[in-house]
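Mind having a look at this structure? Questions to follow.
A, B, C, D, E and F label the chains in the order they appear, each numbered from 1.
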């Protein structure tokens, strides 16, 4: 009876993508650990961009600097 | 000095119900473990329905299918 | 279908006390929010004393100083 | 840059199964949300059986009663 | 590669204060444990006042009673 | 009254380093948000290496491959 918590930045995750995450992670637990789907809970947390930090910076600022360093504007490290 | 986190689906939990959860779980920790109320923190997270999965499905879809299987439309497994 | 996480310091919580916490918090969710027991998960985390901080100090040191300030050795703020 | 926490009961999960969970959930986030693997963290928590509750009971006791009700000894609701 | 989760009451934390928390806690992990900033994630959760309990009460009510007891209206225990 | 959870890999973090993390993060919350130290909880989780994943791999394997790619054996991305 596993419990899975998935935290992602709030960037327009659709209802369909959420359903895919829930289905996928539940299937994974069935395959790897023979867990019962009905006893598997998944909670997705969408975190505002300014509330997520990486590299000592809010994630937007981190991506901006990383893109600059990489010499382009390709969004990196989603 | 316990910390308790209660996650429930966001389905109109009232301020009064939240106060009852906070009071009840704090009393429980006092009774069972002789914890000090002033050192007991409770955080309630209300999770959007589409962000909560059970049985490999978003909770709304899970309840709908379960109600069908049970031959009625009674909401089950709140 | 709630999920509850209870974190307490690791100080000899017995199996029977754990069962009481699980039963009590599940009953609370049934009473206050009419949740289904079979869909209610409880996870208890016992945290080593040196890994729990309060007032900027590890909990043992915090209790020692607080007892001194209170002019006695009664353990406070469990 | 997602963060995923997987909580399972401590029942002999092998190092290889853990690696499969880490790989599987990371791949899922790449496929569904185009996340970068290098920016995806997974933390697995193994929870002692007596610290996990379901249906108001420690999980071992819950499984025992459920097996009785089901008229057999097949372990259910892993 | 640490993961840090900071939960505070939702009381007008500014974007600049969030950036300071992210920078400060990342620097702390570099100084104390020589962690790599680029591998350090910070997630800030702002919790609605009515969802945070202390002393068996929602935090607003707790502060009000504590201020009364202290004989003044100074907000205490932020 | 904040709650902070710090998760790090279990790699010999000393009691003194834990005390420094507790003190540092509490001071940070006092400085940035004027929080009360006595109402600030910190919980440190040490996670076994095989239970921590990054880049789709257990952290040890991830570090080994990264060191190879970097052409040396310097441990990277602590």
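Following the convention adopted for this analysis, a residue touches a chain if its C-beta (ideal position, glycine included) is under 8 Å from a C-beta of that chain, and two chains touch if they have at least 3 such contacts.
Because the structure is predicted, anything quoted here is derived from the model rather than measured.
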item	value
Contacts common to subunit D and subunit F (chain labels)	C, E
Chain pair showing more contacts of the two, B-F and A-D	A-D
Averaged-CA centre spacing for the pair subunit F and subunit A, given as whole angstrom	20
Mean-CA-position distance for subunit F and subunit C (Å)	23
Set of subunit E residues in contact with two or more other chains	1, 3, 7, 21, 25, 38, 41, 43, 52, 54
Chain contact graph, described as a line, ring, star, complete graph or other shape	other
Which chain pairs touch, all of them	A-B, A-C, A-D, A-E, B-C, B-E, B-F, C-D, C-F, D-E, D-F, E-F
Touch list for subunit C against partner subunit B, complex	1-9, 13, 17, 20-21, 24-25, 28-29, 31-36, 38-39, 52, 54, 59, 76-78
Subunit B residues touching subunit A - in the complex, by the definition given at the top	7, 47, 50-58, 61
Footprint of subunit F on subunit D - complex, ascending	15, 18-19, 21-23, 25-27, 37-38, 40-46
Complex contact set, residues of subunit B against subunit F	1, 3, 41, 43
